[in-house]
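Each of the next two complexes has chain A plus one more chain, namely chain B in the first and chain C in the second.
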Partner chain A sequence: MATTLPRATTEAPVRPAIIDCDIHNELDSERDLYPYLPARWLDHLKTYGTRGPSGASYPRFLNRRNDAHPPSGREPGSDPAFTARQLLDEWNVAYGILNPLTGAGSQLNPEFDAALATAVNDWQVAEWLDPEPRLRASIILPFEHADLAVAEIERRAGDRRFVQVQFSGRPREPMGRRKYWPIYAACEAHGLAVMSHAFGSGGGPITGCGWPSYYIEDHVGPAQSMQANLISLVVEGVFERFPGLRVVSAENGFGWVPSLLWRLDSAYALLRDETPHLARRPSEYVREHVWFCTQPIEEPERPRDFLRLVEQVGADRLIFASDYAHWDWDAPDTALPARLPDEVRRKIFYENARDLYRLPDRAG
Partner chain B sequence: MARYIVATADEIPPGGRKIVEVAGRSIGVFNLGGEFFALRNRCPHQGGPLCEGKTFGLLQARVPGAIEYSRPGEILTCAWHGWEFDIRTGRSWCAPERLRVRRYEVSVEPGDALAAAADAPAPGLVRGPYQAEPRYLVVEIAPERGSNRAASGATSGHGRGGGRRGAFRRRGWSAAPTRPRPTRWRRRAYSSSRSSYGPPR
Partner chain C sequence: MATTLPRATTEAPVRPAIIDCDIHNELDSERDLYPYLPARWLDHLKTYGTRGPSGASYPRFLNRRNDAHPPSGREPGSDPAFTARQLLDEWNVAYGILNPLTGAGSQLNPEFDAALATAVNDWQVAEWLDPEPRLRASIILPFEHADLAVAEIERRAGDRRFVQVQFSGRPREPMGRRKYWPIYAACEAHGLAVMSHAFGSGGGPITGCGWPSYYIEDHVGPAQSMQANLISLVVEGVFERFPGLRVVSAENGFGWVPSLLWRLDSAYALLRDETPHLARRPSEYVREHVWFCTQPIEEPERPRDFLRLVEQVGADRLIFASDYAHWDWDAPDTALPARLPDEVRRKIFYENARDLYRLPDRAG
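Then we have the complex of A and B:
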């Protein structure tokens, strides 16, 4: 195995403050949740275990950076002090948004799903948010059951450290469907954003045409699900019905956004009478209500293609995300494949997320 | 050319590695079946700690389904995103002509020779005392060129550094590259850390 000598320390210039919109706080094991589960559900967990729809993702999806093993021996991403050191301190992260991917939110048993989501949120408060003032978090929800999900939102809404709710990338129905509307109503009322984080599964394959053979197909697959979710959110009229709603897409890429909006707008011109509840062109809703996390960054061969892409998606729509400590994380200093003007860089790395999540300024 | 003693030869068993800090650089020294190789511990992709990654064999398939597995342990995958590099050459698997990590010469030298050399020390060679046994691993490092040196992560204090760290320097909003249309992977040449690839020096 690798032996590492202590590295020479040099006086590092202070990096500009950033906001990291996708940090994964992991469980070292399921046992981390035991203290937060009521006895009834703890017994259930120990007796029956967890079960969501099959086919959510390859285990490979959850691989971690090789260099992110905490000295405590815990799993990468599961040691708050080490995450603070390796990520928040190292990169001058003013705010980091936690997105635990624990299986809560996709359990087949609805009551258990709700109890597990509550436990995960309590665990976030006690072990992450309370000790570390730079962290904010997503509320984990039993989002397939709107009544239970709204109850959890009500329970958390008073704690402003929760800035959004988390959906999996592949819920059982496209995100605009009415079964989810009570969740959006609660989010709008409490000023919470809705994040769709890539992967997870409502039971269907990651493609629109069956099960693929390779992990690489999963790795690039979330763009398909997010397109379906985005089209659904727009054409079902969610943004007309909930004009204060803010949606965040994480880990789904953004290179596909301009062409999807072109197509939606032209289709809208042809088929407007089918969806008369839409008062505006689809692209207008997206440009007003939807933000896209940068990771995994698009890496075109020619730097100027990246610049054009940012222009087309809109520099105010992009928010930096590292995806720490997953294997495909993006390093803040080196992720972008082209040089951006300082003011654009500041928006993507700080200002857009500050405004989106209404965070007090900490750039100094 | 400065020479640095980085380990005793028996410190790194076959299949093993040691990551050392010399001349402001983090360097991984690898033992492949008794032969030693040294690579810069900084990935040309995003500047990740390349030499802390896992090693594998080379997987190839000339036609789909005809999988060949060879050279076990000789392919290094970056600790961050897993780009593959040939430990012997420093070349990347995906773009071997264009994309490679800096490689350094390693020699295995007996302690008494080093003791003699230390009397008339070459720059960088640490003074003894050396014993005749065991043998030592010596890594040779050419000074970096001025401009590149300023950009190197090790000397600029930017932590990991390397990779595309120059990406944020202002080039104008829609600035066209200042160089001819890049071929595959070539765009990385626009980052400030050109020292981490190109022919090994």
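Then we have the complex of A and C:
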């Protein structure tokens, strides 16, 4: 594997190297996966289609940037060469982490879900990782079925271009529950992070009080689901049981992190008898084990409140993410609402992700 | 009604007068309600008991302060004279707002729910409001059934000692949905606030990803439900439709308010075509229409971060609440984690609630 940054042009890059932790590699259509599916499941896909829990899918959710249509005529985000030019070259992306959102992971037929995840991962290797050495990827998993998920992790773990596994933002149970522990054990053993990407649905409503009416409620709602997942991961003792585990929150924001940890610590002070398996305050586990992608950023009215928010969450726990090529993406030069000290900026845009994902340095 | 503060002792009070916006008046047992139930529903209660959605009830939830057992032998919080002595006298409470949590409002039989709510309100009048002029109360409602709820509002609206109606923290639908609008119309017409008190359950899990394992998750979780309710109230256009409506959030914290509004405003900037009934940014509605009770307070590690949080939420939108006599209550002298400027303190402990509930002044 290449360990130095290939230059797309002969000009020296004017921008400092960055790592983009949330790039969406898209299917032009599900036909892209046909070559990677065994006959039985290809037939299944053609006959029965995909079928997951409903209620969290909107056409708008997957809208793309208007300028992201490749000349090839394929859908935005589905042309590796165009993504390389428009995103990696233009912004001097040293590493980009791929997060395909394809429906694999939420199919109601478990074996089909596993076959689809395997196909997506094979497609990522053949069409994205092999041609483009700047890319890394999330392993797509049938995460509701730990045995099948662990088998897929074992299949990929030898390929270090896979840096993490992907959960949806709303699995069927809160992420700390023991049905998912074998997945965490496998990730810890192989040095893979566990990433929870906003959106998706386990079948229930996104709120604790039933189904909301508007897309904007599902657009803002993932922060609440991630709060529940984070609480669950902590109080179930996942980080005690898997001390090497690293968790990444993608597209859930982070403005809510400080107040959640204040509240959780004070609840823990009152209720620790219920969770004797916890040796430390909840905030300590989060500060040690959890990273947050920047996009979308909650923007305070006063820029210096943003600086304080970064301090509270931890400048070493934020990692830049563009969400390319979705319509609400963040360009690297305008993503942050305030001018940060250079060393903090370098951490968020490069060093934190390099260390988190143990990537060979390419900044020099 | 008295408009000056009755003194319980001949000593001048050493503490400044305060308003406590969340006092729990408890039943010693459901037998307390027998005198207030018509024969049919008394028989129903004795025969069938109470029956609501399950999944959010823990013995611990209703634990009381160890020192709150009245000499009468009744349960803590259920003896009006003792509450008056231990809370109102001791802390110079000029007004205390009662919030009984009795199961009325969540009974699955709608007519029984309405009868139980009426009984609880009659019990409040006879045993709490009539004997103690410092007390005010929330109207208990069969809030899932707007027609029955409006009838109860009409029954109480002439008694100005009822200052608001009570919703649970997790109704069956997010609070903005139109099934609840007739209730809001009645509250607006009668100058009553709408209070959402943490806890309760509409029957679904508290998280967007299913049922959590621990009580601490339900203890910390109400903040997420209130976030969903607040988003819903705003984006459904409730505050456009009912411009006089005032909403009170009780026992949900408020540290999450600023980042939620930042996120919601920026989502609105992108998605306003979906909610053309909104004329203003979401944060403007919240800042104008919503008040937050202090208890429980998220305590930042740096006291000056708490001062900034108060500014961000709005010093005129916070109202003191003790949560007496629950085990995790806040004493007025230690409730706030930082020393606030005197005028801010006076707002939070007295002036904001006086203005919100339009109470005759008793501070002087």
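Annotations for the structure displayed:
In this section, the second predicted complex is superposed on the first by the 351 of 364 C-alpha atoms of A that agree within 3 Å, B and C clash if a C-alpha of one lies under 4 Å from a C-alpha of the other, contacts with A are read in each partner's own complex, and residues count from 1 in each chain.
By our rule, a contact is a pair of C-beta atoms (placed from the backbone, for glycine too) under 8 Å apart; a residue touches a chain by one contact, two chains touch by 3 or more.
Note that the structure is predicted; figures quoted are calculated from it, not measured.
In the superposition on chain A, A:269 contacts neither chain B nor chain C. Once the two complexes are laid over each other on the shared chain, residue contacts for A:90 go to chain B alone; chain C is not touched. In the superposed model, A:328 makes contact with both chain B and chain C. Touch criterion met: A:66 reaches chain B, while chain C stays clear of it.
More residues of chain A lie in touch with C than with the remaining chain of the pair chain B and chain C.
Contacts of A:39 after superposition: neither chain B nor chain C is touched. Using the contact criterion defined above for the overlaid structures, shared-chain residue A:308 touches chain B and also reaches chain C.
In the superposed model, A:341 makes contact with chain B only, not with chain C.
Contact with chain C, but none with chain B, is seen for A:214 once the two complexes are overlaid on the shared chain. In the superposition on chain A, chain A positions 301, 308, 327-328 are in contact with chain B in one complex as well as with chain C in the other. Across the complex, chain A meets chain B through its residues 1-8, 10-13, 65-67, 90, 301-304, 307-308, 311, 327-331, 333-342, 344-345. Per the touch definition, chain C reaches chain A in the complex via residues 60, 169-177, 202, 204-217, 219-221, 223-225, 227-229, 231-232, 235-236, 253, 255-256, 258-260, 262-264, 266-268, 270-271, 274-275, 296, 298-301, 305, 308-309, 312, 327-328. On chain B, the positions that touch chain A within their shared complex are 11, 16-21, 24, 26, 28, 45-49, 51-54, 79-82, 154-155, 157-177, 181-182, 184-187, 190-191.
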